[in-house]
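Heads up, the next two complexes both have subunit A, just with different partners, subunit B and then subunit C.
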Partner chain A sequence: MSKILLIARREYLYNLKRPAFLFAAFGTPVIILSLWLLVFLVLAPQDEPDITEFGYVDLADIISPDLSLPQTISYTFIPFADEASAMRALEAETIGAYFVIPPGYADFDALAAAQENRASLDEVEFGQVQMVSYGDEPDDLIRVFNQFLVWHSSHQFGIDGMVGERISDPVEMIVELKDTGRELSLDALPVLFLLPMFLAVIFWIATQTTSGFLMNGLVEEKKNRIMEIIITTITPMQLLMGKIIGLGLLGLTQMAVWIGLVFVFLILGPQFESLAFLESIPLPFDVILVGIVYFALGYFLSGSILSAIGVLASSEQQSNQYAALVNLPGYLIPLFLLTEFIRDSNSTLSTVLSLIPITAPVSMTIRVGLGAVPLWQIALGVLLLLLTIFVATWGSSKVFRWGLLLYGKKITPREIIQVIRGRAG
Partner chain B sequence: MNNILNVFIYELRRNIIRKGFLFTTFGLPLIAMGIFFLVNQITGGTQGIQERFTELSLDAEGVKRAAYIDLADYFETPQDVPGATAQLIEVDDVATADEMLQKGEIDVYYIISADYMETGAVRLVAPRFSIGSITDIPVQQLLYGKLLDDGMSLDQLLLLANPITVKTTYLERPGESNGADPATNEGTVTLFAVILTLALFGTNGYLMQTIIEEKETRLIEILLSSVRPMQLLVGKIFALGLLGLLQIGVYIGALVLLSSSVNGTEITLPDVPFNLLWWAVVYFVLGYMLFAAFFGMIGAISTSMTDGPNLTIIFVLPAMLPWIFASEFAAEPNGGLAIGMSLFPMTAPMAMVMRLSIINVPIVQIVASVLILSVTIIGVMWLAARLFQVQTLLSGRMPKLREIPKLMFGN
Partner chain C sequence: MEQSISVQNITKNYGSFRAVDQLTFDVYRGEIFAMLGPNGAGKSTTIRMILDILRPDSGKILVLGQHIDDEVKNRIGYLPEERGLYRDVKVIDMMTYLGTLKGMSRQAAHKRSMALLEQLELAENANSKVKELSKGMQQKVQFAVTILHDPELIIVDEPFSGLDPVNTQLIKAMLLNLKDQGVSVVMSTHQMYQVEEMADRLLMINRGKQALYGAVDEVRRKYALHAIVVEGQGEWQTLPGVDYIKKENNSRNGQILYLKPDATPDAVLAAIAQSPNHHITRFEMAIPSLNDIFIQVAGERFEDVEAEYAQKEKTNV
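Let's look at the complex of A and B:
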């Protein structure tokens, strides 16, 4: 046992100090995050528009200047008699942009005629306005002007502006899902399936890095014959377990750093005004918890399979290809079938995918996000994963012991099966 | 010279049949086109003005029957609304609605809050997550039905329900703009940024990969017995540069195909001003050369495919910096940041093209930036060549940072 720990510690510390790992685990996310923060902080003050007055030329006779408007219409719109005077004000920069409401803006007869003649988009003025600016108008100007027009049109039609606003923007909806008890705003719904994918990407990167280390380490140790010295003092099984545990912890460290940084970003972000939108992103902790447990188990499964392959692979490049081959199906299959999960997260296919050990990590995380998964299924999934890990490690250890000192032999799949069944070696 | 040509042809042959290259060159555009057509099929392209002002779109998809609790006390028993598909039932309290939901009499129910008219606040209660049944269409149906019953005309309703269509005219401030449409130029810059990124990550990645591979397989020992390191490097840079251009050609071809074959969507190739296009090509070539030299250096010192690629981000990130500051550039194309970045060699390709797309950059600055960039390229190429020598290439380990100057300049 102490020898396993020794190997694990050595693998962990040795690889932790590798520049490649340090860079992947800390450098990249820190650089990306700090760049984004920098950008937001540098650009934040500019979001405040320095000009809040804009002009309009009302050729449709739809604006009633005396109408009182709500506070939410945050810009002042100034009437101009004609386009020439509006243009002069724009050139003098007393207004930031001006709109021209064409005569046919609300001309229902003209619209009917155009529809009769199947006129094209360009020939109809209905519901259209023209905007003239230097291209530096605030991003929400058109939305606010739309609101401004809605209030005035409503007044023309004899209804309250508030009603008009409801017509143009009917619902601000909160969604309550009975089975999971989640409550989300409509805009936040995609988080339910984006979060599992985000976790999957992080885990994919971490798994690729560490399984690369695992296999390359084995190939290297075989190549320079250190392996022969190592196994004079410890058993192959101890070496295998030590490596998997050490590098597994390394992978977890990398994921912890990334997830931690994202949390810091989400928590600190709203402190700055320009990042306030981050506050509305919900973090379903059950998804994160299930995700971490499942992905960690998934790592150990692929780790035990890969170490057997690593010991048989003849070059580092070859071993990297195998690593991708072993890890890919578990990610690709659930992502290809994402629509199935969204359609019904408790369908037979979704349930089966979340129980099969290879596809379980991604599938189960997606399912937990989208709907209520019976507790027994989550437990069964973990159990199946553990069982598979056990079997895989048992099989791998046999191959591992057999292949440890094997050089230059071309190995067939049949031989591997024979080794696992104990009939060769 | 002959050796450079040999290396060039060898690299060209070897890399053009590489699976990774074939996939990114032909596979990716095919997949992208497939996705585009699929999305286009599903969304049905853009909606014309004819349909927009003819009927309300009130197809509630997954919701066939829904209940609502009207706390605002505003709605009445819903009447027939043109185009509506859902059947709505008013209930008095949550308990009744929950019971109906359990029995499967309704798909979802809505609680319309007391301040609905002011805020639009509505709570949708659904038994489980399902894309089709999470919709606010039934509430729209209630609202529009009520208003039509109150005597509002459909035309008025449609005018208010649809956001205005805005035709924009951008003016030029005297002596500042280069006269092109900002939207078009934004497209050009995005395209340029994507292409530059692909070239940096992709083609230069191959360059580094082939070097590392040759080191790993010890092929380099044989190569170096007949070719000088510098010849090897130059041959590789040209061969992979050509492949990179081929890749970009395929991408642009796919884009042209896409824009000509899809009707009703708004993809049109940007009408790029000749001036901008010309400088974009110049900066692209210079940028490629600079980063090829950097990647060659990394390839020369890395010993494995796990270490090398991680280091490239040091060079790739700065190259992308101007794009991150895009809004800053748009606001102040002649500000200190913009000018600084367009002169600094690593950020110059992207930064200068971005500036050129917004304003007429003084020719002095362009010439200065091209000069600085060219001098840097020569410098980095020379350094790369110093690193790209037998001693480094045949060493089995990665040199430490402080050993690198020694390797470059000797003792």
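Let's look at the complex of A and C:
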């Protein structure tokens, strides 16, 4: 056992210092986050207008200038007598845009008449408010002006502005998913399947890096012929386990760095005004937990298969291609069938995919995010993964033992099967 | 005598090719045991079976009195024919790591590594990366790795290949010194003169089978020609007891004097001593070359077997 740990320790420390790892673990996320911050903090403020004052020309006589307004109407709207004066102010940049409310806007008799003809409001061809700007108005200007108009229209009919708002936009949604007990606002729904995607992507990168190290290490040790010394010191199984564990921890280190950076981002982000929305992103810890367990097991599975391949591969390049081939299906299949998970996360297909060991890590994480997965299925998935890992490691260690001393020979699949069944080597 | 290795009737097939065929031999404690044979004879396969890298199809192997396991592996030092070290690592770090794998503590492995590097005149290179060392230095590091953990049994495959004469002498002295300390040494080689100089007993293998097995002195006696080799001045043909003369191969002035059946080397030496016309600078028993003995016992030439093997390797790859 202690020899396994010695190998694990060596693999971990040796690869930790490699530039390839340092770049993958720290460089990539730092670059991605820096780009994000650059976009949000440096580029975004340039769009932000200094002007918070906008004009309107009220030809419908619907605005009462002394009405007190709620703070959510964050812009100041200045009345202009006619379009020409508003235009001058716009050209002088004292206002950022102006609205023209036509006389027909408040012609409620005409509206009633239109309704008689069963026209919907979209079809009514009079009374549309016009906005004039240089196209650099803030994104929420129209929403705020809408609110401004609702308050004033409401006032005309003697209704409180807040009541008017509720009438005009009656549903404020909080979705409570009964089966998971998870409560979320509608905006946060994408997080539930974006999170598994995010986990899948970083696990993908982590496994590609570490399985690359695993296979390259084996190819190198074979090429260097140090393999013979190592396996007369420890058993192939110890070498295999030590490598998989050491590099697994390396992969986890990489993930921890990434997830840690995301947390830092989520915590520090809201300090900046333009990133305030980050605060409202809920972090479903059940998804993260299931994700980590499943992806870790998934890593062990691919690690045990890849080490057998690594020992048979004769070049680093060849081994990297195999690594991608072995790892890809587990990611691609669930992502291609993403719509199926969204349609019904408990359908037969979704359930089967989340139990098949190869596709389980991505599938199960998506399912847990989207709906309640019975606990027994989560447990069964783990059990099946463990079982497959056991079988794969056993088979691999046989191939491994046999392949260790093959230098540059071509190997047929038939020979490999014979080795696993104990007829050669 | 206590056995370090006991090999009984082992056979190993690679598909239809029989690499080792019913081989039986023992290695005793504190001896240098030589395994000889052309390339492809089955030496490395046999060593790999002793070390449990390969399993024999049949037969039994005991190492240090038992079936090989982790604990036994820690008591063996192995220098493979295919030399290999981690290239991108500091010499001292790599040695320490391999020492801990053999069950040593980090401190002990580090201390012993430094001592060995000192002994091998490599102390200055302890902090160099392996790939920065010359080929000969790497060979010495590899040898140091082999004996790092004070093994009771050392198995060295072609220990002198690629070494210059100075370093060959250094390693040879260290091996003899280990032998004196009671360490058993198994040495696989195809250099006959190394065997003559160092080995106590030998096993000659051809085509997986035992060709010759026994104490080196006995073998020498058994296969010694009824002849002597001399260098010096004088008409050797005129000496009493000399049947005919041949020039020694691979030697400048050596002459092989084949003796008549009733003559003895002692009598010839006495005759030379009494003759004012003869002066010798060298006088020794004529020992047949590896090839000669090999041809005698195997019925074919060493080179032919190796050439055939090389041809087969080529078509296999």
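A few points about this structure:
In this section, the second predicted complex is superposed on the first by the 322 of 425 C-alpha atoms of A that agree within 3 Å, B and C clash if a C-alpha of one lies under 4 Å from a C-alpha of the other, contacts with A are read in each partner's own complex, and residues count from 1 in each chain.
Just so it is clear, contacts are C-beta pairs under 8 Å (C-beta built on N, C-alpha and C of every residue); 3 or more make two chains touch, one makes a residue touch a chain.
None of the values given here were measured: they were computed from a predicted structure.
Contacts of A:K3 after superposition: subunit C is touched, whereas subunit B is not reached. Shared-chain residue A:I229: touches subunit C; no touch with subunit B. Of the two partner chains, subunit B is the only one touched by A:G164; subunit C is not.
Touch counts on subunit A: comparing subunit C and subunit B, the chain ahead is B. Put simply, subunit B touches subunit A in their complex at residues 48-50, 52-54, 101, 116-131, 134, 136, 139-140, 143-144, 147, 152-153, 155-157, 159-173, 182, 213, 216-217, 304-307, 310-311, 313, 317, 321, 324-325, 327-328, 331.
Those residues of subunit A whose C-beta lies close enough to touch subunit C in the complex are 3, 6-7, 10, 14, 221, 224-235, 404-405, 407-410, 424-425. Interface residues of subunit C, counted against subunit A in their complex, comprise 15, 48, 51-55, 70, 73-74, 76, 78, 80, 82-87, 89, 97-98, 100-102, 145, 316-317. Considering their complex, residues 18-20, 23-24, 27-28, 31, 35, 39, 42-43, 46, 90, 99, 106, 108, 111, 115, 118, 121, 124, 126-136, 142-143, 145-146, 149-150, 153-154, 157, 159, 162-164, 166-180, 186, 189, 192, 209, 212-213, 216, 315-317, 320, 342-346, 370-372 of subunit A touch subunit B.
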